[in-house]
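Sharing a structure here in structure tokens format.
For clarity, chains are labelled A, B, C and D in written order, and residue numbers in each chain start from 1.
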Amino acid sequence: MKPKVATIWLGGCSGCHMSFLDLDERLIDLADKIDLVYSPIADVKEFPRDVDVTLVEGAIASFEHEELARLIRRNSRFVVSFGDCAVTGNVTAMRNSLDLDDVLHRSYVELADTTPRVPRDYPTIAELMKQARPLHEYITVDAFIHGCPPTADQIWSAVTELLAGKKPELTHVFLRYG
Amino acid sequence: MTVEDLQELAEQEQQRQEKFTNRLMYCAAAGCVSCGSINVRDMLKKALAEKNLAATVEVVGTGCMGLCGEGPLVKVLPEGTLYQRVDETVARKIVEEHLVTKTPVKDNEIDTSHPFFAEQMKIVLENCGRIDAEKIEEYIAVEGYAALARVVTEMQPAEVVEEVRKSGLRGRGGAGYSTGLKWGIVRKVQSDTKYVVCNADEGDPGAFMDRSVLEGDPHRILEGMAIAGYAVGAQQGYIYVRAEYPLAIERLRLAIKQAERLGLLGNRIFDSQFNFRIDLRIGAGAFVCGEETALIRSIEGRRGRPRPRPPYPSEKGLWGMPTLLNNVETYANIAPIIRKGSTWFAAIGTPKSTGTKVFALAGKIRNTGLIEVPMGISLRKIVFDIGGGTPEGTEFKAAQTGGPSGGCIPAAHLDVPVDYESLSSVGSIMGSGGMIVMDSTSNMVDVAKYFMDFCKDESCGKCIPCRVGTVHIHGLLERIAQGKATTNDLPLLEELCMMVKETSLCGLGQSAPNPVLSTLRFFRNEYEELLQEPATFVPSGTDTPPTTH
Amino acid sequence: MPPTTTTPKPHPSGDNRFKLLDRAITKHQSRGDALIEVLHAAQGIFGYLENDLLVYIARALKLPLSRVYGVATFYHFFTLKPKGKHTFVLCTGTACYVKGANKIQHAAEECCKVKFGQTTPDDKISLVQARCVGSCGIAPVAVLDDKVAGKLTPEGAVERLMAWKNEKDEVTA
Amino acid sequence: MAIVTLTIDGEQLSAQDNESLLEIARQHKIEIPTLCHLDGLSDVGACRLCLLEIEGSNKLAPACTTRPMEGMVVHTNTEKLKKYRRMIVALLASEGNHQCSVCMVNNHCELQNLAYDTGLLYVRVPYLYPNKVTDASHESFIIDRDRCVLCTRCVRVCHEVEGAHVWDIAGRGIDCTIVADLNVPWGSAESCTSCGKCVLVCPTGALVKKGESVAEMEKHTDFLKYIVTARRKGEWISIENEEE
């Protein structure tokens, strides 16, 4: 049976996933080796059980993210912080020293082109937490892939090691922030 | 001023005092003053005037008499009867009953054979409760400045250093370095300018030993410093005292003025070639200034940030000159050592920790106050005999010594002798003398958090481990206390503590984790009870609900 | 405006308090290492250390401005903002802590709606923390406008704070 | 001054006893990480990255302010030291707001390099995300306090080399911050000569030149070698001048 892999996009810009797609022809290779059970690029609604490896892009920025993070932890054998936002908070966390209401007002009222309205008023949109924080502050994380975004080579190296059942040893070459 | 002049002054004062049939000593130290001892003084004077005793009975304000929890205190001399909780009514009774009808006021009389008094031994505090701190004559009458006279006129500086070394006196500021050795080092450094500094920046929250000495017997410090100046070859001394102690500052200023007027400070002291002056420097609220290099910085008018040692202040101190730094209690021991000899002093206490130690006893204990005990006394004796044990219905849990740099000693170690080595063997330190007793109602995680909160606020911010590490240790303790931490956090807490302890620049950071490490050592279960298991992978089929925080 | 007399000019601000400050500075021969002493004197005279005052001191002692600012902000005793009409100084020394000073702290913060270290917006009450006022025997202790209150309870503290809060403003012209 | 022999990481060396262990190690190509140290400025021993183990001493000693002694046996890279260095860098990362991806000195940053050299995979302590003031009021430079590591190189170069003493540290503990004059906007700090030395010696993106964009700016500190007033090699930590 092929290992089940999931990727998920939390508080980030999706740049890490874009970089994942930069694996180019290696993606075809990868598709043979894994079973992609959940991903923003696949149309699966529920996060499945018994996932072998989950790559998490983005920081924990909303209460929904926090809930998802716990679900991911419970359902995944191996959880990987994927990219700087998941590892450090990075750009997502730049709002942390500001007041949340100010941030929302600036984004959704001052800079709105049409219908200025703070999304907090819609019950269907997840409520933001006061601060966006890295994944490992909420759940135990097993490995880290750095970079904003991580390069395709970095991702490839980490993924191949993970699939070989190893915790990726991130040597100097692949350890990089920013 | 010559030695003969000094003796004459002493005799004059003794004769003056003998003219009084009684002396009423009321405690004029901070604790009793805040309980109203000034009103007591006024009432005593008023009652004396009414009974026509004003000319034959003297009312004297004196230093801390120890039993602060039961203040205001009044002592009647020459009988030595001690009264507690004296209000104006009792004050009147003391005059009308004790003095006039010769019947002691039974309800307020303290049994001075109680272990609180019997187990104590007063050297540093010998004059507290005995003299008026604001009168230099009274200090001189009890052999004050006799040691300085002897040193300056009869001894060579090297002999003084040797005498102090032989006494075995160790620094009372906490670390316990041999005072004699320190003096010897400063003496040997070649320099035209040297300084003697007294650290009176008593910052340990819950300790007021130095304050009591400064307020109750300021001349003792001046004399000790002058002797030190003579021994090491310094002509200028500084006392660095906390701004929070206005009364001590006032008394020191007065004492310096009096000593200068009599020529006990200044040029050609006792007609010798020895010149010595003392100036005050007022601290401004920074615990880190208790660290010697930070204190020096602060005297120089700078941010009190420590610097790496070596070079030690004995080599490069104040304005780059060799500087001798000791704390108040250390200087307070000098005059008695010279007067009574190093052999006498060395026989008190234990062979490695000689003399006595003053403790400020507080917390969940019956008799709170200031005590002075011989080194080597057991903690049990201090807590149960002198302190009278914990309040009704609670059990002793731990004694905290050394304040934010020290640790908690649990009941299992109650028989530990109170000396430098034994205390550090149970994970605490002698410290400057704060001793806080905790009972079964005290929460040890909370205690650790309290001290870490203090350290993070008092960190100067110079080195990273202390500046940031203390904040994170405090944050972790907070999370643990709130029940939000997981079992992964305890090893992190311990690692952080060890790292801050081993890598910080100065003593503040190096000792900041001690309260956490010592409570972890003896009360680990109190931490563990508050921890959760972190969430982990749960394969399908073995369904348990996901852990939530 | 040209000076009308030839007598020594008062301080540019015309503020006599600067004379007192000058005296303190002269006492220390304008030495830079007396900065802390001079700041003590200045705060004693003016109540707090305003920026203008710090500039004045820096010039007088020939010290860099940032050094003066650094020293003034390093020590807890110095304050760069005016204090409230009343001050409530809570002792948070170990003895007071063990006897429940934190409960008083919460009660006082709740009552005044500001944290310790701050002054109420109406400038009436400053909440100040002190590390041990040396009255451990009668813990927990607070100093209310220079008067020591021993064996204090949260209720007692709130009662006194409320009295200050409800004090009528003095009529100012 | 005398010549002493000592052992560093098993290598027997001889050195002058007024040089620091850091200088001696570097002369022999033994790398010790540093942050607050900069050749040409006084040493303050504050960052604690250069701590060493010395046999016979139970305390770790900073290489920058420790002098060699005859027979000294020094270890610069033990497991314990490596772990502590990594934690120190983690603490620094947690204390500021270091978003490398949007920093002008990205890829040319001493803090980043320290994170790589110490193998900092992630920061175990919670990030503090402080609220700090970025000041772009100066015509040529910006101070971005989010990226400041409080190494005080700027304070020292301004005092010791330029002699202007624009910068100092205000506050204490975790609230320490670098201020210009009386905590005024840099652009209105009268004492500033706009010489730009502070910008060049800053190890991170806290002090940068205007007009550069992300990952464009490189710092160079070599100019200090040519400034004669700078501290002479081997001089004992200069207590009187040390501006910290």
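Simple rule for what comes next: a residue touches a chain if its C-beta (ideal position, glycine included) is under 8 Å from a C-beta of that chain, and two chains touch if they have at least 3 such contacts.
For clarity, every value in this text was computed on a predicted model and none was experimentally measured.
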{"item": "Where chain C and chain D overlap in contact partners, by chain label", "value": "B"}
{"item": "Far-end chain from chain A, centres as C-alpha averages", "value": "B"}
{"item": "Intercentroid distance (Cα basis), chain B paired with chain A, Å", "value": "56"}
{"item": "Distance between chain centroids, defined by C-alpha means - chain B, chain D (Å)", "value": "38"}
{"item": "Distance from the mean Cα position of chain D to that of chain A, given in whole angstrom", "value": "34"}
{"item": "Inter-chain centre distance, chain A versus chain C - centres from mean C-alpha coordinates, in Å", "value": "50"}
{"item": "Chain B: positions in contact with at least two other chains", "value": "286, 303, 319, 460"}
{"item": "Where chain C touches two or more other chains at once, by residue number", "value": "67, 70, 74"}
{"item": "Interchain contacts (touch definition) - all pairs", "value": "A-B, A-D, B-C, B-D, C-D"}
{"item": "Residue ranges of chain D touching chain B (in the complex, touch as defined)", "value": "44-48, 51, 59-60, 62, 65-67, 83-84, 87-88, 91-92, 94-95, 124-126, 128, 149-150, 169, 171-176, 236-237, 239-240, 242, 244"}
{"item": "Touching residues (chain side chain A, partner chain D) in the complex", "value": "81, 84, 87-91, 93-94, 96-98, 131, 133-134, 136-137, 141, 144, 146, 148, 170, 172, 175-178"}
{"item": "Interfacial residue positions of chain A with respect to chain B in the complex", "value": "49-50, 70-71, 73-77, 139-140"}
{"item": "Chain C to chain D touching residues, read off their complex", "value": "51, 54-55, 64-70, 73-74"}
{"item": "In the complex with chain C, residue positions of chain D that touch it", "value": "159, 164-172, 179-183, 191"}
